[in-house]
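Presented below are the structures under discussion, each in the form of structure tokens.
In the two complexes below, chain A is the common chain; its partner is chain B in one and chain C in the other.
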Partner chain A sequence: MGSLFTGALGAASVSLPQPNLLAISPVIALTVAAVLVLGCVIARPLIRGVVYPVIAMAGLVAALALALIQLGNRPVTTFSGNWRTDAFSLFFTITVVIAGILAVLISDSWLTENDVPQAEFYAVLLCSVIGAIVSASAYNLIALFVGIELMSVPTYILTGFAKHNRVSNEAALKYSLLGGFSTAILLYGLTWTYGVTGETGYPAIRGFVGNGQGGFHAAVLLASMLVIAGLGFKIAAVPFHMWTPDAYQGAPTVVTAFMSVSVKAGAFAALVRILTDAFGGIYRDWSPILIVIAIVTMVLGNVVAIVQNDVKRMLAYSSIAHTGFMLVGLATWNPGNAVGVSGVLFYAFAYTFMNLGAFGMLAWLEAHGAGTGIDDVNGLFSRAPLAALGFSACLLGLMGFPFTVGLPAKVFVFQAAAGGGYVWLALLSLLLSAVGAVYYFRPMVRMFMHEPKVVLASPRQTVMAVGLGVAALGTVLLGVLFSPVFDLAQRAATGG
Partner chain B sequence: MTPPLEWYLVFSALLFAIGVVGVLVRRHVLVILMSVELMLNASNVALAAFSRYLNSMAGQVFVVFTITVAAAEAAVALAIILALARHKDTVDVREMDILKD
Partner chain C sequence: MPVSWWPIGLFFIIVAGFAATSLALSKLVAPSRHNEAKAETYESGIRPLGEAQQRSDIRYYTVAMLFVVFDVEAIFLYPWAVVYDRIGLYGLIEMVLFIVLLVGAYLYAWRRGALDW
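Then we have the complex of A and B:
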């Protein structure tokens, strides 16, 4: 293609870079689906509502397939070094696309029953998935920034999607203002990274930063701290977590289910990549700071979750606690110990099933006329045994119970911490995850042992049941058959 | 005579600090939103200055992306404020207190 343009422009030889389209094909599939969904709005009188989720699902399944077929390929860096498709980015692509698929399945009934504009919902949801993929594949500061924003801004909209509900509005406002604040901090960090190193590509930045022996060390450190703070907001790490309980509680439950896993995965991918690739040389500087953040995040999340009387808010604090567990894996990273990062990857994958399932079950309760209070789950087992069992599977997974995916996820991360010489940190994390049992068991006891308090309506929720079944089964099956996923995570972490 | 790079960076740092203080102290949602924009523009000033002094175009490309993203974010935030103001005639964040511990 380059030669075509050379002729036209005469002596000035302009060579257009030939982008590798296969590398970005999952994003192309999702973009086409998002545009198609919106395009169908024009033909709204002619088209039945069912077409929107079908298009969204087709795009997501196509993206999943396109990511899976690239798994064996060699790493590709394309778009002038802005984009890198390797096992790492593909792992996160698969994770967030699965989150998108499950989200489409569980939100179908909420959308139709509450008369929410469907096309807009699916288009915005797909945009957020695209943003998460871009965040995970970015190999350049500018691409990273655009990816993070493309992921976050749609979730502000999704949070406020129940626009006649004041709680949803308030949650969206808090989320968007604090999200914008964190974006500005992240951007300032990226600006300084660029200003000090003169580069925007990760490999070039790594070359400049080196081992932190050269000049400008203080400025590089400042830049990396600002980046950690900015992305810390997105992953809901303490002390940048203030928005999390409000946004998660106020958002429509199906939206909470989606964003609690996909935004966390996308932002974690971006954080892992920029810290290990661009700032890998100065890990001795950021690692202690991340360890402190991880500890306070685990402590606050687990302790505050205990006193919550609303299951949705309790799960919001539990998601803060899980950020802490995942940070343990990243904080103990060093160039010779990449196991922690494979633990983070596996954790993000496992978390997609268990957390989306847990929030999805709350959405199922709401669809049947119950609330999200702790009393609302009373006696669920006697009314809907399958729902109670699925909910329990997800809660046990979040707890880290044997025979659920939560256990290997925690073991891999804590093992990495111990292997990196932080045995005390591994033990502390173990202790804090035991605290989790207190609040995860509470709704379970009520489901199985208390008398029902709320009478459940019985609408047919087939599509939703499929999504919840996949999430619950995934939580249990991956707890036994975790090795293929973990092998892939290990390959991704070691740069395969 | 071109001012030295430090002047731009100090100016940018001041803008950023004013923005941070504005977000943390002010209670009017629109003022908070403007403070966030101020923080984003602090980065724009620094990026443009870095770009000029490093003789690298990447900084200016970054500025274009930042402006676009800031516009998208402001549009979404304003739409949310509008939706909220329809329910409750207020723009004071102290009165947005349904969600709390």
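Then we have the complex of A and C:
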């Protein structure tokens, strides 16, 4: 290097980051798969359409394996402190990758039958999964923002994927406008955080924030409130839920199935991480706010779901209600009581199976020529007994019925609330989840006791049936064998 | 405790108050004399041509997206070129990976017919 430049550029040599590639290996696997899927478009005449789901599935399975083998490892912070792979991020990585796998399984027939560009669908889906993983692994405000956007923007695209369907277009427009709005609020919060603390890394922010006794406390509070509002949009918490029913109803059902679980998991991971880690010292300030949000979310979601006559829209409101239940776990967090957060993690995992299965069953009905209205499920048991049983398993799971994964999920969260001194909140949540029984039982009664109204076509949906079977079986089996997953969630929540 | 949130409320009141006060003051203080020239679209006096709601070719969005592909490439190539001799092979591999991804995007656009008019 010539001495001519040293003056201008400084004599210090550039320090190259030493990235830990194993820590980001699930993301690398998914990126390679996404690029390969698009690469197949380049070589289109040579390659047939069937390879797209195969490549996407291979990438997702590889990512799952790479996440699983790291489970026992010590926490790794890499990329100059931007990225943290620990039990927490791996738990969410596994959750969203499973959501991706189930989504690929249930989407295949919808894509081929509706002449939807397959390569783009899978590439965009994989990008959203990558974004959710980045959101869960981010240990820095900038990485967090990149992750949230990488997760959200693909879901706006996926929502509008039924290009010739006006409802889908409308949903995509609403979702992207409100999503952009929420992103701006989140970014404003991140800017305030950086402006006050002068730091973007979580540990440094935590050091500055302390326990809220230092200066600039009001500004720190403002920052945390804006972050809660911005991420509240993504998890569909009241009063930031306005987009949810329209986006969930308008989006192609397979897309709703995917994004209702994956975006929620990714955004919850980001919210838990930033609140308990960066803003962990001022939990006394954000905890009451979250409790209020949790209560209104549970009340609105559960009550409005009762009056819905469209199962898809009903499930959209039910997903708002579940956000409320999960928020109870986070709201009652304190440094000595991390049980609530392990409840949130377990809930997100359980929700992946139950909710993806429930929306997936609606997609199955649509693939057989039915709609998503409440009448369309009439007499499903007499036409397709297995489908009716699987659907019922998922609905019972969402209700929190014994012998489904929904029960331990709710119990862990409510127990944490009671243990944290919020017995009244736990009782209120319990009461509101009993309200859920009203609207979850309604389609079930119609499935088993009413006469069929719609004649189902009978195309072969083998791949889809496998996906739905996994979701329904997962809902039931995890209801009995929940302890390994819960142990993992507990380890993740306590920073193992 | 929620009590400590009052500065946030104050902040929003100040923000809303500033906007409201500015608008109200300019309404009260500023002179308001209407004439025909002021009602025109361009106050500079240029007469507007055609309709306000014109259709523009939707295909321009592909041009915009292709521009982003090359623009981002250029943005990263400049700082890389500046420190190229100091980051050596590591930087070269990184940049090749990056460009391969962008070339992939370009080839994809080409195969999807983005360059056909």
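Following the convention adopted for this analysis, the second predicted complex is superposed on the first by the 484 of 496 C-alpha atoms of A that agree within 3 Å, B and C clash if a C-alpha of one lies under 4 Å from a C-alpha of the other, contacts with A are read in each partner's own complex, and residues count from 1 in each chain.
Quick note on the criterion: a residue touches a chain if its C-beta (ideal position, glycine included) is under 8 Å from a C-beta of that chain, and two chains touch if they have at least 3 such contacts.
Note that this is a predicted model, so its numbers are computed, not measured.
After superposition on chain A, the partners chain B and chain C are accommodated together without colliding. Chain A is touched at more residues by one of its partners, and among chain B and chain C that partner is B. Of the two partner chains placed by the overlay, neither chain B nor chain C lies in contact with A:453. Using the contact criterion defined above for the overlaid structures, shared-chain residue A:198 touches chain B, although it does not reach chain C. In the superposed model, A:42 makes contact with chain C only, not with chain B. Closest approach of chain B to chain C, taken over C-alpha atoms in the A-based superposition, is 7 Å. Contact residues of chain B toward chain A in the complex are 9, 16, 19, 23, 29, 32-33, 36, 39-40, 42-43, 46-47, 50, 54, 56, 58-59, 61-62, 65-66, 69, 72-73, 76-77, 79-81, 83-84, 87-88, 96, 98-101. Those residues of chain C lying in contact with chain A across their complex are 1-2, 4-5, 7-8, 11, 82-83, 85-87, 90, 101, 104-105, 107-108, 111-112. Chain A meets chain B in the complex at residues 141-142, 145-146, 149, 153, 156-157, 160, 163, 166-167, 169-174, 176-177, 180-181, 183-185, 187-188, 190-192, 194-195, 198-200, 245-246, 249-250, 304. The residues of chain A lying in touch with chain C in their complex are 1, 9, 13-14, 16, 35, 38-39, 41-42, 44, 212, 217-218, 221-222, 225, 284-285, 288-289.
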